[in-house]
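Have a look at these structures, which come just after this line.
Both complexes shown next keep chain A, but they swap its partner, so chain B is in the first and chain C is in the second.
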Partner chain A sequence: MLSLYLRLIGARIRSQMQYKLSFWLELVGFALSSGLEFVALAILVGTFHSVGGWSLAEVGVLYGLSSISFGLAEMVSRGFDAPFELMMQRGSFDGVLTRPLGSFFQIMTSEFQLRRLGRSTQGALVFLYACRHLAIHWTLARLILMPLTLLSGMVVYMALIVIGATICFWTIKTPEVINIFTFGGDTLVSYPLSIYNGLIRNIFLWVVPVGFVNYPAALLLLQRSDPYGLPATAAWAAPLVATVFFAAAGLFWRVGVSKYTSTGS
Partner chain B sequence: MTLIEVEHLRKTFLLAVRQTGRFASLRGLLSRQTRPVHAVSDVSFTVAAGELVGYIGPNGAGKSTTMKMLTGILHPTSGRIKIAGRVPYQERVEHVRRIGVVFGQRSQLWWDLPTIESFALLRHIYRIPLARWQANLQSFSTLLDLEPFLNTPVRQLSLGQRMRADLAAALLHDPAILFLDEPTIGLDVVARERIREFLEHINRENGVTIMLTTHDLADIERLCPRVVLIDHGGVVYDGPLATLRTRFGRWRTLIVDLNQSVDHVEVPDAELLRVEGTRVALRFDRDRTTAAALIAAVAARYPIRDLTVEEPEIESIIRDLYEQPGSLA
Partner chain C sequence: MEFPGSTATGISLLSAVRMPINLRLYYEIAIRAFRRASVYRAAYVAGILTNAFFAALRCFVYLAVYHAGTSVAGFSPNDAITYTWLTQALISIGAGWLAWDLMQTIRSGDVITDLSRPWSFYGYWLSRSLGERCFNLLLRGSVTYLIGFLFFAARLPHLTEALAFVVAIGLALLVSFAYGFIVNLTAFWLIDNTGVMLIANIVLTFFSGFLLPLAFFPPWLRQVALLLPFQAITSLPAEIWLGHLTGAAVWRAFAVQAGWALVLMLLAIRMLHFAMRKVVIQGG
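And now, the complex of A and B:
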């Protein structure tokens, strides 16, 4: 299955590389436009010197972790975005069901946007700069935690994109509301969760666990404590939370597909 | 050997009823009133291995819905389907591995990749042994003349080329059955003929069982020894095309161009359809009179400049059939 995945993704990348100039422009474009988000954030935090007691560099850790994950998720799962929506509108999802592969796998491999790495690269730069500035002490455990956190974040954002796509089975169009959780979530968790009221905090920690991705990990790296008592060690639970959330999204997808097979488009 | 068994197949969709009156769209969001629509109400037939069957019927008769159930896309509301020993909607992946599907309106190929790359990806998706794949590709390239555009991205292909590529793609994995939905739609005469020749060949030489829907009577005449005709979600005829035609296609239309325009034409045994200046269309029942007798009768009264006799189209045969439901007995 992995080799088939790589083959299909390879084909996607080759076809994008037919337009090299456009590829590089878009890559840089994504890096710049998401970089602007950080500039806006920096101006805001700079004006007030800190947000909820977090310095700009500390916010940079939160921002970096979320951006890297979000960029990676967009890269691998944008097949669930516009291409899938188009598929629903044109009725070509039928074709997916006539291939001897799972529909989830086929949609996932229908698109691979390498250019989304622009966001991740930019996030990584902010993260590395912030870490240097803060002179974070890297223990082995912390080094192991980083890829786990990034992967968990990627999986949570992927699940959100899948959920948005699944709604298409009922509405044909992906509702804009899902962007509140993807783009909105990415922006929201760039600030420490402690500054939000209980409802928003709880939603982004426990319902749509975008905040679970970076907040506890940042607490742990920065050796801070959460005013509401969320332990920094929760960072180690992120992979579990992400897995559960992704499984829920996968289940929802199955419900969507069975709705399609019983009613058509 | 029976390959396809369909028994009392039924598919009912629930359509949302559009609300009317005040705040209609708002109320529509809250209450979901639905109305059942029987796309397929009772369809039964069997297809033996090696057959080439035309599945025809007017628009909205339930053709596509049946095809979607046979290919595992839709789950039936009730009834039974068994294809090569499998129930399509229960074992979708295993089922589609053994069939080929072509939708005339939509390509199944990778839009922005060269055609040959689509074929290569299909080899991996269907896990076709390399030698088998090469042999098939070689054979289809010759039969369908794919060579000139194997390296062209699919989006740049003409409709005819694209259809040929899609046909080859659907057959690379040696499916036992090929399902085709409108394989010649939108194609010119030459392209249609080429596709028909190909289908005939793979049916006869490779033993691929074919089931196809079409609006083109010529496809049916050329290819299908047997037709299954459905209307209003049920089978109204199942048998050879020749019988269908002689039994139900009795109506012919005689079109004559007269030397001068007329208001009305009166000829025995014929019904006046329309008068457009000097052109007159007359409908007659082939069982009651012959074209020759009718022409003679018209010529006796009016000077004729030119004439044609139109055969009934499949659509009108179907319409006639529907208007005389008892005529099947």
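And now, the complex of A and C:
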């Protein structure tokens, strides 16, 4: 399965590389988009010196962790986005169902957007810059926590993209509202979760666990405490939370596939 | 009526760029675009929810950075909240992102049909855009703002400010349309201009004051922003709504907007001429 995945993805990357100028322009476009968004955030936090008691460098840790994860998730799972939507509208999902492979796997490999690394790269630069300006005490455990956190974040965002796509089985169109949780979630968790009201905090921690993408890990790295009592050690629970959420999304996908009725002629 | 479409030579295409004075036609195009936009109820409900969510999110950020009673760069906390809801409401007129529909017709080759029709190509897309955006402003924009008014006490302007705002919005629509048209037109040269559109989009949202009021920018960056056309789309109408611009400053804002509307429109039409001479159209 893995070798098949790599083969299919390899083909997608080669096909994108045929249009080199387009590829680089889009990569730069994505990096610049998230870059200028960060500049706006930095100017705002700089003007007011801190947000909810967090300095700009501390916010940079939050921002960097979420951006890296979100960019990676978009890179691997945008097959569930526009290409899948088009498939639903044309009725060509029928073809997917006849092939001897899981539909989830086929849709995921139908697209691989290397250019989304623009966002991740920009996020990584912010994260490194922030770390240089903070006296983070790097222990072995914390070094291990970082890849786990990024991977969990990526899985949470992927699950959201899958959920958005699954709604297509009923509505034929990916609802715009899912942007609230993907793009909106990424923007929301770029600031400390403690600045929001209880409703938003609880939704983004326990219903749509985007808050787990970066907040507990940042608490742990920066040795801060959450004013509402979320322990920093919750950072270690992020992989579990992400797995449960992704499993739920996978289950939802199965229900969607079973409800699929073809469109088209 | 002579229909120059079938031969589609350079000459007949160029004649399509000229502006025939037939306001009735453009009015009908705009009305149809208005009605078309009104049909997609799920789309605008989703749009309102998304805009309201982002506005609320930014308000929480502002509430967290402002300390009670303070005013920063001429913005009180209520100004910042009002500004946020207003700019989210203005997304529907092109403050937040560029429309892609013209680019898609260029990429598919359908553009040739529109070019060969006996109307002004620029006028056709302008009417379409105005019709659609007026609907979005009236429904999507005002409902979004109403939410801000009810839950975050976003400000309502006085009558004179509101009237000036309406004028400013009209001019902003012309500027944002012309900019979008120019960016979409690059598809004639670059078959895949997604990257250019992404970059053009973020430049618009950043320098128009959509992401952050220009008042918060460091002085040198604000100077740059004030030299660019984008403030005419978001920042100037918003400052009028906030009551930050009064008297002569309002007239100056109108002049800046009208100047940019004219310059960008001429540039867009010039570029269209140029595209007609140089370019091979896709499809068949």
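The working rule: the second predicted complex is superposed on the first by the 260 of 265 C-alpha atoms of A that agree within 3 Å, B and C clash if a C-alpha of one lies under 4 Å from a C-alpha of the other, contacts with A are read in each partner's own complex, and residues count from 1 in each chain.
To be clear about the criterion, contacts are C-beta pairs under 8 Å (C-beta built on N, C-alpha and C of every residue); 3 or more make two chains touch, one makes a residue touch a chain.
Remember, it's a predicted structure, so these values are computed and weren't measured experimentally.
A.B. asks: Identify whether chain B and chain C fit side by side or clash on chain A in the overlaid structures.
C.D. replies: With chain A aligned, chain B clears chain C, so fit.
A.B. asks: Of the two partner chains, chain B (first) and chain C (second), which one does A:D94 touch, if any: first, second, both, or neither?
C.D. replies: Touch partner of A:D94: chain B, not chain C.
A.B. asks: More residues of chain A are touched by which chain, chain B or chain C?
C.D. replies: C
A.B. asks: Touching A:I172, do we find chain B (first), chain C (second), both, or neither?
C.D. replies: neither
A.B. asks: Which partner does A:E26 reach: the first (chain B), the second (chain C), both, or neither?
C.D. replies: So A:E26 only meets chain C here.
A.B. asks: Identify the partner contact of A:S262: answer first if only chain B is touched, second if only chain C is, both if each is, neither if none is.
C.D. replies: First partner only.
A.B. asks: For the superposed arrangement, I'd like the angle with vertex at the C-alpha centre of chain A and ends at chain B and chain C, nearest 10 degrees.
C.D. replies: Computed from the C-alpha centres, it is 80 degrees.
A.B. asks: Name the contact category of A:M17: first (chain B only), second (chain C only), both, or neither.
C.D. replies: neither
A.B. asks: Give one of first, second, both or neither to describe whether A:L8 is in contact with chain B, with chain C, with both, or with none.
C.D. replies: So A:L8 only meets chain B here.
A.B. asks: Quote the smallest CA-to-CA distance from chain B to chain C in the superposed model, rounded to whole Å.
C.D. replies: In the combined three-chain model, chain B comes within 9 Å of chain C at the C-alpha level.
A.B. asks: Under the definition above, what is the set of chain A residues touching chain B in their complex?
C.D. replies: Contact set of chain A toward chain B: 3-4, 7-8, 11, 14-15, 18, 90-92, 94-95, 97-102, 258, 261-264.
A.B. asks: Hey, which residues of chain C end up touching chain A in the complex?
C.D. replies: Spelled out, the residues of chain C in touch with chain A are 42-43, 46-47, 49-50, 53-54, 57, 60-61, 63-66, 72-73, 190, 192, 194-199, 201-203, 205-206, 211-212, 216-218, 221.
A.B. asks: Going by the contact rule set out above, which residues of chain B touch chain A in the complex?
C.D. replies: 13-14, 65, 68, 71-75, 89, 92-94, 96-97, 99, 101, 103, 106, 108, 110, 112-113, 117, 121, 124-126
A.B. asks: With touch defined as at the start, can you tell me which chain A residues reach chain C in the complex?
C.D. replies: Where chain A meets chain C, its residues are 19, 21-22, 24-30, 32-33, 36-37, 39-40, 43-45, 47-48, 50-52, 171, 173, 175-177, 179-180, 184, 187-188, 191, 195-197, 200.
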